[in-house]
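I have a structure I would like to understand better, so I am pasting it below and will then ask my questions one at a time.
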Amino acid sequence: MREISYADAVVEAIEEEMDKHEEVFVLGEDIGRYGGAYFANPKLWKKFGDERVRDTPISESAIVGFALGAAITGMRPVAEIMFSDIMTVAMDQIVNQVAKMRYMFGGNVKVPLVIRTPIGGFHNSAAQHSQSLESWFAHVPGLKVAMPSSPYAAKGLLKTAIQSNNPVIFFEHIQLYRLKGPVPEEEYYIPFGEANILREGTDLTVVASAVMVHRVMNVANKLEEQGIQIEVIDPQTLCPFDKETILSSIKKTGRLFVVHQACKTCGFGAEIAAIVAEEGFDYLIDPIQRLAAYDIPVPFASNMEDFAIPNEQRILSAITEFLGK
Amino acid sequence: MREISYADAVVEAIEEEMDKHEEVFVLGEDIGRYGGAYFANPKLWKKFGDERVRDTPISESAIVGFALGAAITGMRPVAEIMFSDIMTVAMDQIVNQVAKMRYMFGGNVKVPLVIRTPIGGFHNSAAQHSQSLESWFAHVPGLKVAMPSSPYAAKGLLKTAIQSNNPVIFFEHIQLYRLKGPVPEEEYYIPFGEANILREGTDLTVVASAVMVHRVMNVANKLEEQGIQIEVIDPQTLCPFDKETILSSIKKTGRLFVVHQACKTCGFGAEIAAIVAEEGFDYLIDPIQRLAAYDIPVPFASNMEDFAIPNEQRILSAITEFLGK
Amino acid sequence: MESNKLIELLEKMLRIRHFEEKVGNLAARRMILGSVHLYIGEEAVAAGVCANLRQNDFITSTHRGHGHCIAKGGEFRFMMAELFGKSTGYCQGKGGSQHIANFDLGILGANGIVGGGMPIASGAGLSIKMRNTDQVAVCFFGDGCCNNGVFHESLNLAAVWNLPVVYVCENNQYAVSVSVKQASLIHDYYLRKDAYGIKGCQVDGNDVIAVYEASKEAVERARKGEGPSLIECKTYRWRGHYEGEFDRHYTYRTKKEIEEWIDKCPIAQFKAYLIENNIITAEKIDQLEEEIKRELLEAVAFAEDSPAPKPEDALVGLFENE
Amino acid sequence: MESNKLIELLEKMLRIRHFEEKVGNLAARRMILGSVHLYIGEEAVAAGVCANLRQNDFITSTHRGHGHCIAKGGEFRFMMAELFGKSTGYCQGKGGSQHIANFDLGILGANGIVGGGMPIASGAGLSIKMRNTDQVAVCFFGDGCCNNGVFHESLNLAAVWNLPVVYVCENNQYAVSVSVKQASLIHDYYLRKDAYGIKGCQVDGNDVIAVYEASKEAVERARKGEGPSLIECKTYRWRGHYEGEFDRHYTYRTKKEIEEWIDKCPIAQFKAYLIENNIITAEKIDQLEEEIKRELLEAVAFAEDSPAPKPEDALVGLFENE
């Protein structure tokens, strides 16, 4: 199968949906002739022009709110927020307007709106460009939340998001944009709410998203050499969340280990742990364990950053210790 | 001991700190001659005047950001956001500026800043005035988070917050403003990070905050009549969070039940469940259980609202069922 | 202006006034719950502006939204049922006073967040432009909203994208207790049009014809693709910020000031004008008002008789099924 | 203006220019990590404005902040160490290029969020007023920031509270790739002063004396309690939006445009002026530049030789102990 980058997969998903539905358009900062802040791919702008690929000023509340107004009056906007830390300047629109519009008004409107935004930061992006705030959005009823970890997932989930009549927060991990992976030429959609079992195993269930999936997979492959069989699950979407897949995995392994880049306290790992402590308690042999970023803003210097956010080394030793081996 | 209302306790705490420190001042909407949006107590304005009790326009980012700028240059502002749902319009300032200021700049500055805001809504306040988003703020390193459930706690915690050199998000439950309770005449401070055991018991540990404390206490008193002994713990502050008190309670009871008004998914209850599943697993006899608002925006009509948010009846039946009695 | 049109304007204002008086009354009796912000005294704005709109034009509204809703064609009964939290209400009891919407009528919703509707109306304008229709989007908001960030972002972006949006500022001179004089050095907010390079003007918001004419021009410009406008209507709210504020409004304004504005009642003025110019008789007006009152009684009865939603209905409607 | 002062202005600009060139070089060699936004071509703004400030005055800065920091008295070595992520840096390696602050010098921090510093500078102004000193707060921000909500809220509130704040807009005509023409209908942002009822003006941001004079007036007004001002400096960024953008900036602007602005180099112009007016000789300038370069080499050596923070230092400094 051909291999394309996560960034190209994103662009391709939008392109295909724009081809199919003339109501689909994109808006955001530097997405036009510049081709996006983190990758240089002006394909959409070249093909669809200024009207359907709209560069905006630095007005994030307007980006989201205009998109919402357009979504409920016949369009299907795909809004981009340049990095997820600045969703903070558009939170009222996201949380009080987009998420509540349909429910609050009695279910009489469709809100086909996607907000794409990079999450997690590059290396050395420091405190204001490195956050992983996905649990906030999972806490807000009315938003679907997707977090693809591969080019294949990025394309398939984004196409589903754009076709959806519900608002979707679509988190793209910034460190994955250059990652290449197999993406079929044929059209496909990935349904929301289906976790992806990346690797089967019997000793431990590890749940991870986005860039952490890759770190965990490397660790799992290393541990395999020592005869340890780890099951790795990527939820793919946090809302809807496929708890069944995780619960049946734990039924098999008896152990849950959650890894995420977000800070530990009130991260999505807490939710997973809570669900399992509620509904999978009887399967558990050992306490649950979370490995997450320390509860600090992300520091700039490489060695402090590397310390703050789980890296392969830390994941490896934490799992090894957890398994008591 | 004299009894005063939660609202008066808040005002008294501010007044005392304003008397003590001339750097303390308040700013926010309708806090001056009007005496506050939810209670009519213009005492501060009458005593301290326009300069130290500053009515603002509807500019929440400015309210928080101006307070921050003042805090790092010699003042001790107490900012009010009229209800916590509109913290969303000031999230960049709260999350990227206030919370990160000290750490990101190398620990070289103090940020003595309090943001007071009512949480949880009245009855029939509907989707945009009823949220309990405290877990968002607990997820952001650099913020202290307090959530008093009584006049006594409101005064003592707020005085500590104002004296603190760290930023504090101070959530006042709107349904408690009129609640009266004993508050000593003598000055006192309540330290952050100390949970309050409202009631001792051996059968079950229930953790609850703010208005839920009262509902849970009523239920616990009822269950006592049936010989069921419930230990009720109010964390008082979510950051710092006193996990020790909860863990030792569970050591005794073997069971954890968390109640909160916030939506279930990724609410602070998830964090408590996760901590206990990690660190108190061996004490647990039964699965953990959370009782929280359904994952929906709060509906307007009374009966739907009452259904959405845990009320005494639902708490009672959930606990009874949980205990299998 | 044709007599018909003039009488329609009066009728719209009367419908709003009577509705609001009834609601105030029901709120005082706690038959309507939640916070209720009445539009009494400001009727000429909604009536004058919406008289230029078609059903498929869009509006966004505010916490003080009943007037906009009525002016855009909202029906008493469904509004009242919503205020009563009944399942026959416009939002099936999920919204309440601050969240009435009806998409068939182009009413994109009232809003509990000051400024929340500004980018939404603007986005409807963007959609109109992209779908290439001659619809118009109107955004209602208060003076208090003019100092919030979304005002700035919305007007600026609608300007540079040349969107068919009419921004209608209802300057009733207070945001709860904070007067425009405390809120900014500029008190005539239409002047801010120049910050965005758009058209705009100020009108006496208690003069329904003036409001109608000014917004007619703006709406027509928008329909022709000539971009957004900012219209400031100076007006006044007679009641407290919300029902239940009672006499607390005397902490920030005087009885005298309120009375002066009551003397400038948009409805009384307009009635006098119509009668003087023989467009309608006093009797006809009384008759009109009687009809409206009757319709209101029916609406209240409808609301009272309507079933309350089932508690579990709370779980319905979050997402569209897919 | 005195010769001394003029030479100081030149020196500040040179310090900025050489620092930025060195940083660009180090970033290209990946000795400096993270995103780096250079100020080359805009030196006259920071230098001209800060020449009016005292050590205890305050500034807030942006993602493109090195110039402001140097102009306000930041030392090369501590800045460089910060860019290298060393524990001797101004923020002990926690901040990096976009987050340099030094509270002793009144540098309240650069900011990774466009507009993030606007209310903070304004709040410093509030504090000055309440503490009743004659300090001033200066807020630097780009043209891109002018269309963000915080611009509006900050200027409005500073105006009505009459705060001693000088808002300095660095209009380099682009926000990343989006030109002011795409961003708003108004391209001269100083005009927005009228939306807030404050003083303001536009100056050639490449003319350091013009910047100095305009900001002098504004700073003096602020010190006297006469309120805030908005100064717009038209200027241009020579480099890509960030180091690493490379030739991608030709997607949104032409080589010709860049070259025209390079011809208007604020430093070259000012050098010529000073030499022509016998204020300094070319030799003296060369000497000055040599000294600056030497200091820079030392700063780089200092940064290189400084210890990296220990990984666990990441856990220190979140809260002040109590």
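In order of appearance the chains are A, B, C and D, and numbering begins at 1 in each one.
Just so we're on the same page, contacts are C-beta pairs under 8 Å (C-beta built on N, C-alpha and C of every residue); 3 or more make two chains touch, one makes a residue touch a chain.
All values derive from a computational prediction rather than experimental measurement.
Novice: By that same contact rule, can you tell me which chains touch subunit A and subunit D alike?
Specialist: Correct list: B, C.
Novice: What's the chain with its C-alpha centre farthest out from subunit A?
Specialist: For subunit A, the chain whose C-alpha mean is farthest off is C.
Novice: Based only on mean CA positions, could you tell me how far subunit B sits from subunit C in angstrom?
Specialist: 36
Novice: On a C-alpha centroid basis, what's the spacing between subunit B and subunit D, in Å?
Specialist: Chain centres of subunit B and subunit D, defined by C-alpha means, are spaced 40 Å apart.
Novice: Just give me the whole-number Å value for how far the CA centre of subunit C lies from that of subunit D.
Specialist: Chain centroid spacing, subunit C to subunit D, equals 45 Å.
Novice: Mind pulling the subunit C residues that touch 2 or more other chains?
Specialist: Residue numbers touching two or more other chains: 91, 93-95, 99, 111-113, 115-116, 147-150, 153, 156-157, 160, 182-184, 318.
Novice: At least two partner chains per residue is the criterion; list those residues in subunit A.
Specialist: 56-57, 59, 61, 85-86, 88-89, 92, 96, 103-104, 126-128, 141-142, 294-297, 299
Novice: Draw the chains as points, connect those that touch, then say whether the picture is a line, ring, star, complete or other.
Specialist: Shape of the chain contacts: complete, all pairs touching.
Novice: Would you pull the subunit B residues touching subunit D in the complex into a rising list?
Specialist: Going through subunit B, the ones touching subunit D are 25, 51-52, 54, 56-57, 59, 61-62, 64-75, 77, 92-93, 96-97, 101-111, 141-142, 144, 164-166.
Novice: Can you check the complex and tell me which residues of subunit D touch subunit C?
Specialist: Going by the criterion above, the answer is residues 147-153, 156-157, 159-160, 182-186, 191-192, 194-198.
Novice: Can you name the residues of subunit A that touch subunit D in the complex?
Specialist: 29-30, 32-35, 37, 40, 42, 55-61, 85-86, 88-89, 122-129, 294-297, 299-308
Novice: What residues on subunit C touch subunit B, complex-wise?
Specialist: Spelled out, the residues of subunit C in touch with subunit B are 33-35, 85-86, 91, 93-96, 98-99, 111-116, 144-145, 147-150, 175-178, 182-184, 248, 251-252, 308-315, 318.
Novice: Which residues of subunit D touch subunit B once you look at their complex with the stated criterion?
Specialist: 58, 60, 89-95, 99, 101-103, 108-109, 111-113, 115-116, 118-128, 130-131, 137, 149-150, 153-154, 156-157, 160-161, 316-320, 322
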